[in-house]
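What follows is a single structure, and I will ask about it in a moment.
Should a chain be cited, it is by its letter among A, B and C, assigned in written order, with residues numbered from 1 in that chain.
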Amino acid sequence: MSPIEDRLEIQDLYYYCAHLIDSGQGIRCPEEIFTADAVVNYGGAADMVGRKVLLQAFGAIPKTLEATSHNITNITVRVDGDFATGVARVIGWHWLQVNRHLGPNRPVDFLQVAGYADEFRREQGRWWIAKRVVHALGPGNTGLGVGVPPSWPSAAPHWREIRWPF
Amino acid sequence: MSPIEDRLEIQDLYYYCAHLIDSGQGIRCPEEIFTADAVVNYGGAADMVGRKVLLQAFGAIPKTLEATSHNITNITVRVDGDFATGVARVIGWHWLQVNRHLGPNRPVDFLQVAGYADEFRREQGRWWIAKRVVHALGPGNTGLGVGVPPSWPSAAPHWREIRWPF
Amino acid sequence: MSPIEDRLEIQDLYYYCAHLIDSGQGIRCPEEIFTADAVVNYGGAADMVGRKVLLQAFGAIPKTLEATSHNITNITVRVDGDFATGVARVIGWHWLQVNRHLGPNRPVDFLQVAGYADEFRREQGRWWIAKRVVHALGPGNTGLGVGVPPSWPSAAPHWREIRWPF
C-alpha cells in the first residue's frame, strides 16, 4: 500500500483546494495547489494549461457564483515515488449571482455531482495537482436545480472512462 | 486502535464498490467485493446470499437506472484480526431509465440517504465484504425526488438499530 | 505531519457525534463528545457553554426533527500535543416533525450545507471537542427545501472567516 503520510497529504490537498474556492480565495489555487504546467479540464472543449490560464478561470468564478460548497468524498490515491494518481467525487453546491436578490437562505441554484481523475507530483517537498479532469457521474453532471447553466462547460467525459488508480 | 493499513484498505473497498457500480461495472461486484457466502440486504424482505444471487441483483441495476453516484461518507471501521466491522453513510444519487428522454442535464430522479452496517473478512490476503445491511437515515431513506420507486426494496431497518463498531 | 493515530481518532469522533444524533441518542453527546467546558455555537446569538446547556439543546432536537443525517466530509485536522484544531463540512439532512404526516418516503424538509471549525483537547487519554462553531457555506447555509426554519439559529458566520488549521 502507498505510504500513509503521502495519502493523507494528498487528501488534505483535495480539501485545501475546496477550502480556497469556497472561502472566496480561489485565485490562490493556481499558485498553491497546481504545478506550473498543470493541465486542467472541467468539461470544456479544450484543456486549460498552466497557471496563467488557471488564474483567469479561477478569477472568473465570483462573477458567476455567489457561493459554493465542494464536498469531497471517495478519495482513492495510489502513490508511486514522487508521482501519484487519485480519483475522488465532488458534490458541488452552487448559488448563482443572478439569484442573489432571492436572499441568503434560498435552496441551491445548481448542484454538480461529478468526479475528479487526478495526477499529482511531489515538488519542493510537497504534493501538487499536475492534472485534473472532471467526469460526469450522472447522465450529465447535475444533481439538482437549473441544470448546467448556459455558460458552463459541459463536455465532461463520463466516470465510466476513468482509469481506477490500482 | 485498529491497524491503519487495514482501515485504509477497507476504506478503499468501500470506494471501489461505489466505483464499479457508478461506472457501469456493477456485475463485477460479486466476484471482486463480496465473499462467496456474503449476506446482503438492501431493504428487501429476504436477505440475498451468495454470489449467484448478487450477480442477478447487480445485473438488474441498469434496467432501472440510467446513472448513479454513490458518495460514501462517515466510514468507521474496527479491525479484529481477520475480521472487521464497519459503518458508513451513502448519499446515493439515482437517475431512472424511464426519465432518460428528459436529457442528460436533468435533476436527480431520487436520492437515497442511507447507511451501511457491514462485516468484513480477510481472505487470500485482502479484505472482502462478508455482510452488508442498508439502514434508513431519514424517516424512510429518501432525500429528494420521487421517493422510493415502486420496485425498490423499502423495508430497511433504521439507523437507530445499528451497533456502533467500537 | 500530525500523528496519524490522533488524526484518525479525531475523524472517528466526528463520525461518532453524527452517529449519536442521527440514531436518536443526541442527549449522549454532551457527556461523550464534548469537554466539560465546551463552547458551542450552531449559529445562535450567544455561545452555548458547558454540558448542562448542551444537554438542553440536544434534548430539544427531537421536538423539532423527526430524523436527520449528518454526512461529514473534508475533515482536516492538525494536532499539536494534547490540543488539535480541525475543520470539516457537513451535509445535514433534516426531516421536520411537522411534516411527519406526509409519510416516511418524502423528500428532505431542509438541507444544511455548512462547516465546522473545531478545537479538540486530549483528556483522560482520548480526544474531545472543546469548541465548535458552525459556519455557513452557501449565501446562508441552506441547500434545499424550506430554508432555515423560523426557530433555527441563523447568525452563523461564513466559511470565509475560518482559520485554516495549517
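The rule we apply is simple: a residue touches a chain if its C-beta (ideal position, glycine included) is under 8 Å from a C-beta of that chain, and two chains touch if they have at least 3 such contacts.
Keep in mind that this is a model prediction, so the values were computed, not measured.
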How many degrees of rotation map chain A onto its copy chain C on CA atoms, rounded to the nearest 5?
-> 120
Are the two sides of the chain B and chain C contact the same residues or different ones, given that same means over half of the numbers occur on both copies?
-> different
Quick one: report the Å distance separating chain B from chain C, using the average Cα coordinate of each chain.
-> 25
So which stretches of chain C touch two or more other chains?
-> 4, 71, 73, 91, 144
So, in the complex, the side of chain A touching chain C is made of residues 4-5, 8-9, 12, 14-16, 18-19, 22-24, 66-73, 91, 93, 95, 100, 103-108, 111, 144
Of chain B, residues touching chain C in the complex | 1, 4, 7, 71, 73-76, 87, 89, 91, 113, 115, 136-145, 147-148, 154, 159-160, 162, 164, 166
